[in-house]
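Quick one: structure below, then a few questions.
Naming follows writing order (A, B, C and D), and every chain is counted from residue 1.
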Amino acid sequence: MSGNSFGQIFKITTCGESHGGAVAVIVDGCPSGLFISEADIQSELDRRKPGQSNITTPRAESDIIHILSGVFEGKTTGTPILLLAYNKDARSQDYDELKKIFRPSHADFTYLHKYGMRDYRGSGRASARETLARVAAGAIARKFLAEKLGIEILSYVEQVGNIITNIDVTKVCLADVESNIIRCPDIVVAPQMITLVEKVKQQGDSIGGVVKCVIKNVPIGLGEPVFDKLHADLGKAMLSINAVKGFEIGSGFAGVAQLGSEHNDSFVLKDSQEATLTNNAGGVLGGISNGEDIYFRVAFKPVSTINKEQQTLNLDNEAVTVKAEGRHDPCVLPRAVPIVDAMAALVIMDHYLRQQIYAMNRGVTS
Amino acid sequence: MSGNSFGQIFKITTCGESHGGAVAVIVDGCPSGLFISEADIQSELDRRKPGQSNITTPRAESDIIHILSGVFEGKTTGTPILLLAYNKDARSQDYDELKKIFRPSHADFTYLHKYGMRDYRGSGRASARETLARVAAGAIARKFLAEKLGIEILSYVEQVGNIITNIDVTKVCLADVESNIIRCPDIVVAPQMITLVEKVKQQGDSIGGVVKCVIKNVPIGLGEPVFDKLHADLGKAMLSINAVKGFEIGSGFAGVAQLGSEHNDSFVLKDSQEATLTNNAGGVLGGISNGEDIYFRVAFKPVSTINKEQQTLNLDNEAVTVKAEGRHDPCVLPRAVPIVDAMAALVIMDHYLRQQIYAMNRGVTS
Amino acid sequence: MSGNSFGQIFKITTCGESHGGAVAVIVDGCPSGLFISEADIQSELDRRKPGQSNITTPRAESDIIHILSGVFEGKTTGTPILLLAYNKDARSQDYDELKKIFRPSHADFTYLHKYGMRDYRGSGRASARETLARVAAGAIARKFLAEKLGIEILSYVEQVGNIITNIDVTKVCLADVESNIIRCPDIVVAPQMITLVEKVKQQGDSIGGVVKCVIKNVPIGLGEPVFDKLHADLGKAMLSINAVKGFEIGSGFAGVAQLGSEHNDSFVLKDSQEATLTNNAGGVLGGISNGEDIYFRVAFKPVSTINKEQQTLNLDNEAVTVKAEGRHDPCVLPRAVPIVDAMAALVIMDHYLRQQIYAMNRGVTS
Amino acid sequence: MSGNSFGQIFKITTCGESHGGAVAVIVDGCPSGLFISEADIQSELDRRKPGQSNITTPRAESDIIHILSGVFEGKTTGTPILLLAYNKDARSQDYDELKKIFRPSHADFTYLHKYGMRDYRGSGRASARETLARVAAGAIARKFLAEKLGIEILSYVEQVGNIITNIDVTKVCLADVESNIIRCPDIVVAPQMITLVEKVKQQGDSIGGVVKCVIKNVPIGLGEPVFDKLHADLGKAMLSINAVKGFEIGSGFAGVAQLGSEHNDSFVLKDSQEATLTNNAGGVLGGISNGEDIYFRVAFKPVSTINKEQQTLNLDNEAVTVKAEGRHDPCVLPRAVPIVDAMAALVIMDHYLRQQIYAMNRGVTS
């Protein structure tokens, strides 16, 4: 009800502010018998953490994950799993001057009006530090999907500012994504993106971009018709990530200019398997996976925190200027990649478990 | 769990297939004391119904709505409201030849694999006839929002194929939208859109487009942080509508190419009220409404049913051709407008009621 | 949120007032492929309907059930099932004199204060007519459980007033329950109960009683630990039935006086199967079914409507007397039996489907 | 879905096993602005903790509570609150001999069958140590209800074995309950109960009992009709507590033997306020609070762990004997009192917040 949970069967509930005691997540509904270790989760968190390169924020956040329940003798038990990372680098004083100011395009203003108060230390609950919990939970889902079903989830930076790669999504692999600090698998375009981010950083400014995600080997049948269509839940998942302003699947916005006869994906046999000749649908028909690759794009606006003087109001409604000092990401895209991976994993995992109910029981009487 | 419900407090559950006995919806969680009549609902349904003009399908569906519970002496009682429309024009024989075929880009294939069977009459549950229930329920939400809070929800066709209007969203009114059969308020562009749809119809083909929606007078504070951000729920609502492939709010995909210093919306006073100078955010900060206009765009692919021969497979995996005869929409956009209105109303209504819990109780001890 | 839904996966949402247009229920989450007909449901409704005998109310309610969605060619399709019965015998004028009065122990007073208004015709939403929807939905669950799993659910009247049967619960069968109008399978005690009810009826009064329910052949493993223990959900289901004031499972309130060494059920082998020597637990350990018979008792208070003059207040807080004329049940127990059956079926069905998720996926990696 | 959450708006999710890293709870949906400290919570936990007296288990569990999120400058912020207690006294070796045995009336057997594995250390997730999380969360709800609404929740031990107090529930106060180690406010009966428990303890056995709870000053209107009746949710809450086998509200099981004319509670004016002359209903009419005291009884079976030799099976289905050594509660009742308090507080808090939605919005148009 308060928006801190996601999923119906594989359900996560996150908690924690930027500068409170800890950021944590309870993962409820995970099947028993899955081998999971803190190392399995830590490796995903390390892709999200600050200070990875000279184009991310130098904040030294402490992202060491602890498993405090739900795992016994190395395996999940079917009971809720608590994952927790303590907050250590809490330099609250950095934020003292901002406590009376509504930073432009931040959530300071809306939180104060919604709750009648706010935790002004580093954006409080609105901080992207919350996504640490998502990545930790998503790591469990990804492991299950990969080991049990061979499902591969692969996100990468497709666009930064106006620089875009047209690399074939079906040929991207994780090694290519991780081969450079911007997480774009196109070896020609990646350096251009990095140069742009460095330039923006020097200006004290920020820049947006697009993450593309492809999910391979999804079984036919995931997604519930009507309101919980698979792509509707993927869309919600992505739009819930900080700074996201748009989502499109398959042909997306470009597809609106096509004729039906161009856009329709004909069914054909490929290697004796039912398949579609094209994939404008993006792997989903009527809200249900059809076995083709699922691919979608996620638009991230430029980060709101910049080292430039900006006009705003304070709590007394006086016009003031604000200028962030020090640590922030000039471009959130490289660190957004594992977050998109995680949210995609959570959606697919949840719908996989939901589908089991039907897969088990259909055709019950004859 | 099965995806037939939407909302948390103002919660709707829809049922009904294209050619079953009825399409219906239970609206649960509506406050008591709202005057509501069948006429209030029928007027919205009439905007959605087939056969409105020569550019919509000539199917004469029976969309007469009946209120069967939850209303007493003209007012809601706080108990669940059953809205029901019988299916009358059920010419099932029209679909007999299609029962063994997977129509391209339809849900025939995925429903059969998901459930092990399917109701092949007119797409069954996957039919857009289900949206009748959404529009009926949305009419109640719209009336509440308008009467109690003065909230205005206004959708219109912004784009058909490559024809697009750049009309100022803040100046659009309902009369302009309803002034022509394509529901585009731009009197120059609307005729061009209509001409395009007529041409596509003559070719037996279909074409996509974009619906834009603006929501005015939304109170500050709606939306739950983290997973149930207001725009994440709007996005899910829109992506759950048949044929939708994309959603963007505020600056959307175009915003990714901006610098933070360009994109940020400065807080200023307007008429002594806190406001933002620009509105790239689209009325939402940190997932919570900030009092500015909420506006977003929804991409609709071209309708899958076309009067052209297409390649596909039948249930025996044999290559066959299929060609729809007779009745279909060459362009779903004009009829999609009231559906977008309805889904927007449902999201805002639900989040308004959710927000009441906090608005009532904050600052409980001092 | 508004309390009109029950279940998590096999989820029902009911609607309808005593004298509105219809009483209906949407059954969502039913597996596909189950043969179900209106006759299957009607037979359960006929056990609940008024006017069955001279010890039930003579009201001739119209309880003809219609299946309006979710069933195709005689089988469930996996989409939501709408079951609906029109209200025909709506003699609203019978209730005109009661519209300004708070009847003792009825919900008139609390509904008015909760909603600021009330539908005063025949108790409105608080009427036990709502249980018609439960019985209809429960009939689908019962059929699934019986046909797929061989689960038998068997309720009967164990006590009326101070008259109680000590019949062995494991030996009761449906034919015995249905062999008399009080639905007590004990041929010695049943006539005594009937005589008591007839006497109470002549006095214009009412009397309470206890329904006992036994559920046989439940698989091991149903029930979720901690909050959704199987018996906690059974308890909630029963306590949600009109007039119920108590619930106990297994040894219940009597067990509190036992020593642990007396109460504990030893594990033993029976026919080479794990079993317990005694069954004080009532078939549930740690909230999870253990394969033994589940049995529980449900206490129904005497019906509030009586043909005797009673003291009360009217809407103006004036002391007045009230005396019901005509039609009411002197003892709700015989008609409560199918309602207890239905609610039990709904709980077991829901937990069976929930359990499938775990049964399918445990031990995923090795 | 997995049964680890309770509540709809004031929603708690608990995690943690008896011998894992920690027991914790996320409290989601708490209004902002409530002053809450670790000391406020600790005082409730201290009433639940082991080793309080010579009639409770001497286990020295570490029940120090930590608030790790959701509280800023001493007040709740409206974001999720993480409460956590580390497990320190984890002598897992105590349980090594039991890992291959199904203890009678414990959950060993059902957990193993449900999940395909189990955490055998101290009952794992089935341990009553989980109730620590409930009491911690309940302490927040109790503080809110007391400070904002003046609601008082008061549980006490009414019965141990066959020893029962008939003390007037309306005259009990907290000081009387806390005046002795059995938590029975009757100074004559309490010593008899204590003597009985001491005798049972010497025998290495255990004994059950009944907790009675009264809730005063509840506003009229709490509870949702039909399925989420206030007493149905109270019943579920109580039945979800370890060892509970029965629940009854108001007249309960005894009321079934009354005539309607005896049982009905007449409406009268008391101090110019609407009230009822008697309170057989237990403060709830039609599932909605009527402003009278809510009172109910909860039956606890004797603890399953006893220091006596018992017959059972091991994992290989061989007949073996088992005898617990050392630490256990001979009677869980005194420690159950704060758990009943906590669960009652959680139910009332959740329904209070749910009711706000209606209280705010009814009569919206005129």
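Keep this in mind: a residue touches a chain if its C-beta (ideal position, glycine included) is under 8 Å from a C-beta of that chain, and two chains touch if they have at least 3 such contacts.
Keep in mind it's a predicted model, so treat the numbers as computed, not measured.
Among the remaining chains, the Cα-based centre furthest from that of chain B is the centre of D.
In terms of C-beta pairs in contact, the better-connected of the chain pairs B-C and A-C is B-C. Distance between chain A and chain C, defined via averaged C-alpha coordinates, is recorded as 45 Å. Spacing of chain A relative to chain B, judged by their CA centroids, is 26 angstrom. In terms of their C-alpha centroids, the spacing between chain B and chain C amounts to 39 Å. Residue positions of chain A with contacts to 2 or more other chains are 1-2, 4-5, 8-9, 14, 29, 32-33, 78-79, 114-117, 125, 225, 357-358, 362-363.
Those residues of chain A whose C-beta lies close enough to touch chain B in the complex are 1-6, 8-9, 14, 102, 104-107, 109-111, 113-117, 125-126, 130, 159, 161-162, 200, 203, 205-210, 220-221, 223-229, 231-233, 235-237, 239-240, 242, 245-253, 255-269, 274, 276-277, 280-282, 285-290, 297, 299-306, 308, 310-313, 317, 319, 354-355, 357-358, 362-363. Of all residues in chain C, those touching chain A in their complex are 1, 9, 29, 31-35, 78-79, 144, 147-148, 225, 353, 356-366.
Looking at the complex, you find that chain D touches chain A at residues 1-2, 4-5, 8-9, 11, 13-17, 20-24, 26, 28-29, 32-33, 66-72, 75, 77-82, 84, 114-119, 121, 124-125.
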